[in-house]
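Chain naming follows the written order as A, B, C and D, and within any one chain the residues start at number 1.
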Amino acid sequence: MARVGVFICHCGTNISGAVDVARVVEAAQKMPMVVIASDNKYTCSEPGQASIRQAIVSNKLNRVVIAACSPRMHEPTFRKAVSAAGLNPYLLEIANIREQCSWVHSHDREKATAKAIELVKMAVAKVIRHEPLYPREVPVTKRALVIGGGITGIQAALDIANAGHEVVLLEQEPSIGGRMAQLDKTFPTLDCSACILTPKMVDVANHPKIRLLTYAEIKEVRGFVGNFKVEITQKARKVDYSKCTGCGTCWQKCPEKTPSEFDLGLGKRPSIYIPFAQAVPTKPVIDTDSCRYIKYRQWLAAGEQGKKPPECRICEKICPTGSIAWDQEPQTITEEFGAIVVATGFQVYDHRHYEEYGGGAYPDVISGMQLERLMNASGPTGGEIVRPSDGTHPKTVAFVCCVGSRDQAKGRTYCSKVCCMYTAKHAIMLKEHDPDVQCYIFYIDVRTGGKDYEEFYLRTLDDAGAIYIKGRPSKIYRDGKKMIVLGEDALMGRPIELAADLVVLATGMEPRTGADKLAQKLNISYNTYHFLVEAHPKLRPVETQTDGIFVAGACVGPRDIPESVAQGSAAAAKVAGLFSSDTLVTDPITSVVNRERCTGCLLCVAICPYKAIDCETTRDTRVVAVVNESLCKGCGLCVGACRPKAIDLRGFTSQQILEEVNSLWS
Amino acid sequence: MELTYEPRIVGFLCNWCSYAGADLAGTSRTNYPANIRIIRVPCSGRVDPLFIVKAFQLGADGVLVAGCHPGDCHYSDGNYHTRRRVGLLRPFLDYLGLDKARLRLEWVSASEGKRFSEVVSSFTDTLIKMGPRSS
Amino acid sequence: MIETARYAYYPGCCSKASAKEYTATTRLVCKALGIELEESPDWICCGASSAHSIDRILGIALPAHELLYAGRMKLDLVASCALCFSRLKIAAAELKDDDVRKRVGEVLGQEIPGNPDYRVMHILQVLEKHLDRIHLEKPLKGLSVACYYGCLLGRPKEVAFDDAENPQVMDRVVAALGGEPVEWGFKAECCGGSHVFTRPDIVSKLSHRLLYQAKQAGADCLAVVCPVCHSNLDAMQKSIGKEYKEEVDLPAFYITQLVGLAAGLPPRKLMFEKLFVDPMRLLRAKGLA
Amino acid sequence: MISAQNTIRPRPHTTYRSFVEAHIRQSIAQCYQCGKCTAGCPVAYTMELTPRRVIRALQLGLENELENSSTMWICLSCLTCSARCPREINIAGVMEALRLATIGKKPTPDQKKFRLFHDLFIMSFQFSGRAYELGLGMAYNVMSGQFLNMASIIPGMLRRGKLAFLPHKSRGSETQHIFQRLEGQNKAMNQAEAGTK
């Protein structure tokens, strides 16, 4: 038998000014199962709360209704009060007679009082059907996984580790560093990228709390906040890292040379390699696509068909530590984490889609990232800026902005945000390298939103003497040794033909190929371009709809280094916040399945936005739905989808809501 | 009789946007007709068409379902389901002999207190003009 | 035994005068490949670039006349002129609109069946489709060919059958003939079209750019698929050379002439003498004549 | 053509603009004035209003400037602009629409020769069914006063038998009827339109 106590608040005169509280008390006393009804001047004050606690004990109440302000205001306060009197805190219901009644019907005391009585009636009807609910405490594994070892992931990993938690930093390439490692100098301060990045990479490698897993990929993610289980594939390096000292003998002697990904095809690297000199770890992997011995083994396996490739094995012969491990295979590692930070960054838009600019066929039409490699002292040309076609020094350089950005016809409508700035940087740097260079920059708008960015852009005009031409070029072609750019000078309103020695396309940023697949594994959202989606673009920029999974850096949208670093730190702060307690208390307002009624149609599985429902087979081999209470957020979408009414939402059961409706006419 | 006709409205409001919007109408002391009785639900997507039908069966003159604006749902896309479900229910009202205008679906955000009071006022007005239910 | 393929054929007005050799070699080559071309006895001008500039319905009605013929014959319609092809194909697309179809039907004095699916092809597509039928008697070995498509085969997207900027069909055909298509950036740039009357300066400038670029890319000759382009690039070549003070001397073949040559048809029948820029010296140098 | 008043007074909603937008079934508000159309247009160098500026003039409602320009007649309908526009606007269609929109107006001296050419071209097949190049060329040369235009190649054409001395006729002369019926249709439509006003 329910024993309900009803407590009605005056809120000074906030409520009693418009509602006749005495009449409400009187009416409440007559409601079914109500044992006691009384009023309070200020219910939320300590004496107010004390009187409720006392009433619960002395009247053996097992349900409480408080008619006062909005539950959004004091529900937590009163739950605590009820629980202090030994009652389950969820056996409480609040009737909102202030925001929804006295404050909005202040001109009609009669109607306001009548409405207040009905609101109390609804609350009583609902509270009778309340069940005790128990928040669950789940332990938190205080270990974080950071996916992606670019500047964002590095920053996040260091900050989490410095907060005292263990971190695994997972990177798919042989070295961490990401795109920033490929850059020469960085705007707006023109620090050398390696000078500011390399120390951080070394810090990561040496940090006692960070474990680096390079050349590895996510295979599967299960579990929920505080308790993720992640399967990781460690790709086969063909080098035993427990023995290898990184002496470098192998990669200096390997005879096979193949285009370097890191140098975007402008230079070559051996088959056993580290991607760049400052790579972390400084230990090599063997590229099985180009290695001679691997080809030789394939030839043997194919029954010695075709020309016999050289057997090679030079690396193996000269390695002083015997680290070459031909039979190493990919391995699966399973690890547990409490939180995951996704920082998988971006890739540069592939300008082969621009056939009108030559579609990648002209060697002297390069991307901004390729120019970074050409300018870099440790790049393929040792920092000498030369034309890829003939090695001469370009004197007239044309830049084309917004390639692969702001272009609906190419399926990319967004602005990549960094290219205006990096183009300005390139113009300044080119002039520094060679005072005879003249830069022309074709642009639509120059976008320089950021601290000191506009000033930086103005330097391109003042110091570097670059000429900005407003207009998107339409065609680039070769004429003898020159590259001709056909554009418009929109400010003059006339077509312009520019003969350049080198053309640099300011290609935009796009998410890494496979970002969508990874997002699916993590159950987080992505947009049409496959950029990851944050929980709220302004107020929750590094959280996702899935608790415990955070996103940061260029995988969320075009970002420069300052923003990426800020986001890496922000994500780390969120992780540290999550790890600040040993357990997580989960909200007990979740849905629950009645296994007898469930027909196994799994409509609920499809509709749940949090993938919180799974299916399992009962002992009598029926398939039924099961709710993972740690994932369920209590939205109740599934309840409406279930035809046999087998699933219900605790705290907002269908019966409770129907009783509320019923009470209005009883 | 006609003069004192007071339609009874049941409002299902999602906790995150519309219920908060109604609260804001209160904190800003925006008066509106006292005809609505609000039931709080976590998400407008929690509103089972059955609740609406039940309210009408019992004698409700109008039912309001209110949730976050499309794209702003606290649970990412619950309100799209609401829109679909309410859409599917509308033709059924005909069958009950009810005017479709007695069921309203509105998007009210947490900052739209004024809008909430306008929605309630205009809905109440409409229902008064329609007069008491004939069935 | 190869099966004969049948198509409705639209020769276009130039076939009777300036592009005689194109039409003749188209027929010749098709015959050799076992392709039958059915020409409507009462075909009329497609209106080219003028009709649609003056009246929208006229610009659709004239080509629609021919589409109806092909429809009655239940054949795909083939055009060898790029301009005609474009007008026919655009008309076929426009006829999907009910209102347009009604008005055009009125103008043509016959009802046009609803939901029509008129298929229009360019001779290049036909050649590529039946490439395997060519018996290579005389592969065009060592002949560098700049394939010139003109501006209309890849545009607009809705009617195009190849990339707008870097089309490939003709390059594939030339490669299949044993020739060497050159990479160049002006395959689809405009030659100046019919401005030869009104603004010959434009034609000179644009066609000169094409000839110059083809030559720069190392081409021995051009392959062309449109009589208008051909007249600008071949007949006008000498006067363009004079205007720009450089002799170009770049023979411009119709693609069908090259197919015929590779298939071993006698040069006489390929009507090389109709070309303004004499190709014989080149062909002899390459051992092809 | 240079007006003493250079100040622009925008009139974004003109009948010109509605006509053009109806013709291309797109809104020219989409154009963000990047200039790629002009950049690639093979004849922009000789236009007084380049393709981007044509769109701009439409956006601002500068009807006089549009009417007085020859841009739409210089346009070759090569579709380069449309194919490359990042906002996927059919600019060639805009040119076509402007030709149609101004066809009833008195041509400016510069527009005259283009209009003459199109008229003659159409006349050359209106009666015989098929275009007659030689007749067209001669008529154009005489009527436009540009005698030397094609002169250099005419002997060569004749020598190669590439010019027919007499027009080639289509059987049935269907074109004449097409033109008659079209005229009837247009008249009826104009009347209907006048009636609704």
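Rule of thumb we're sticking to: a contact is a pair of C-beta atoms (placed from the backbone, for glycine too) under 8 Å apart; a residue touches a chain by one contact, two chains touch by 3 or more.
Being a predicted model, the structure only gives us computed values, none of them experimental.
Participant: Return the chains common to the contact lists of chain A and chain B.
Facilitator: none
Participant: With chain centres set to the mean of the C-alpha atoms, which chain is at the far end from chain C?
Facilitator: The chain farthest from chain C, judged by C-alpha centres, is B.
Participant: Decide which interface, A-D or C-D, involves more C-beta pairs in contact, and give its chain pair.
Facilitator: Higher C-beta contact count between the two pairs: C-D.
Participant: I'd like the Å distance between the centres of chain C and chain D, where a centre is the mean of that chain's Cα atoms.
Facilitator: Those two chain centres are 23 Å apart.
Participant: How big is the gap, in whole Å, between where the Cα atoms of chain B centre and where those of chain C centre?
Facilitator: From the centre of chain B to the centre of chain C is 66 Å.
Participant: Taking the mean of the CA coordinates per chain, how far is chain A from chain D in Å?
Facilitator: So the centroids are 53 Å from each other.
Participant: Where the CA atoms of chain B average out and where those of chain D average out, how many Å apart are those spots?
Facilitator: 58
Participant: Using the touch rule from the top of the page, what residues of chain A touch 2 or more other chains?
Facilitator: 356, 475
Participant: Hunt down the residues of chain D that sit against at least two other chains at once, touch-wise.
Facilitator: Expected reply: 80, 84.
Participant: Quick check on chain C: which residues sit in contact with 2+ other chains?
Facilitator: Expected reply: 164-165.
Participant: Can you give me every chain pair that touches, using the contact definition above?
Facilitator: Applying the touch rule to all chain pairs gives A-B, A-C, A-D, C-D.
Participant: Hey, which residues of chain A end up touching chain B in the complex?
Facilitator: Those residues of chain A that touch chain B are 70-72, 96, 98-101, 103-108, 111-112, 114-115, 118-119, 122, 525, 545, 589, 607, 609-610, 633-637, 639-641, 649, 652, 654, 657-658, 660-662, 664-665.
Participant: Where on chain B does chain A make contact in their complex?
Facilitator: Those residues of chain B that touch chain A are 8, 10, 15, 19-20, 22-23, 25-27, 29-32, 34, 37-43, 45-51, 54-55, 58-60, 74-78, 81, 85, 117.
Participant: Given the complex with chain A, which residues does chain C contribute to the contact?
Facilitator: Touching chain A from chain C are residues 163-166, 183, 185-186, 213, 216.
Participant: Mind pulling up the chain D residues that touch chain C in the complex?
Facilitator: 23, 42-43, 46, 74, 76-80, 82-84, 90, 92, 96, 99-100, 103, 113-114, 117-119, 121-122, 125, 129-134, 136-137, 140, 144, 146, 149-150, 152-153, 156-157, 160-164, 168, 170-172, 174-175, 177-179, 181-182, 185-186
Participant: Where on chain C does chain D make contact in their complex?
Facilitator: Touch list, chain C to chain D: 13-14, 16-20, 41-45, 47-58, 61-62, 65, 103, 106-109, 151-152, 154-157, 164-165, 189-190, 192-202, 206, 235-236, 238-239, 273-274, 276.
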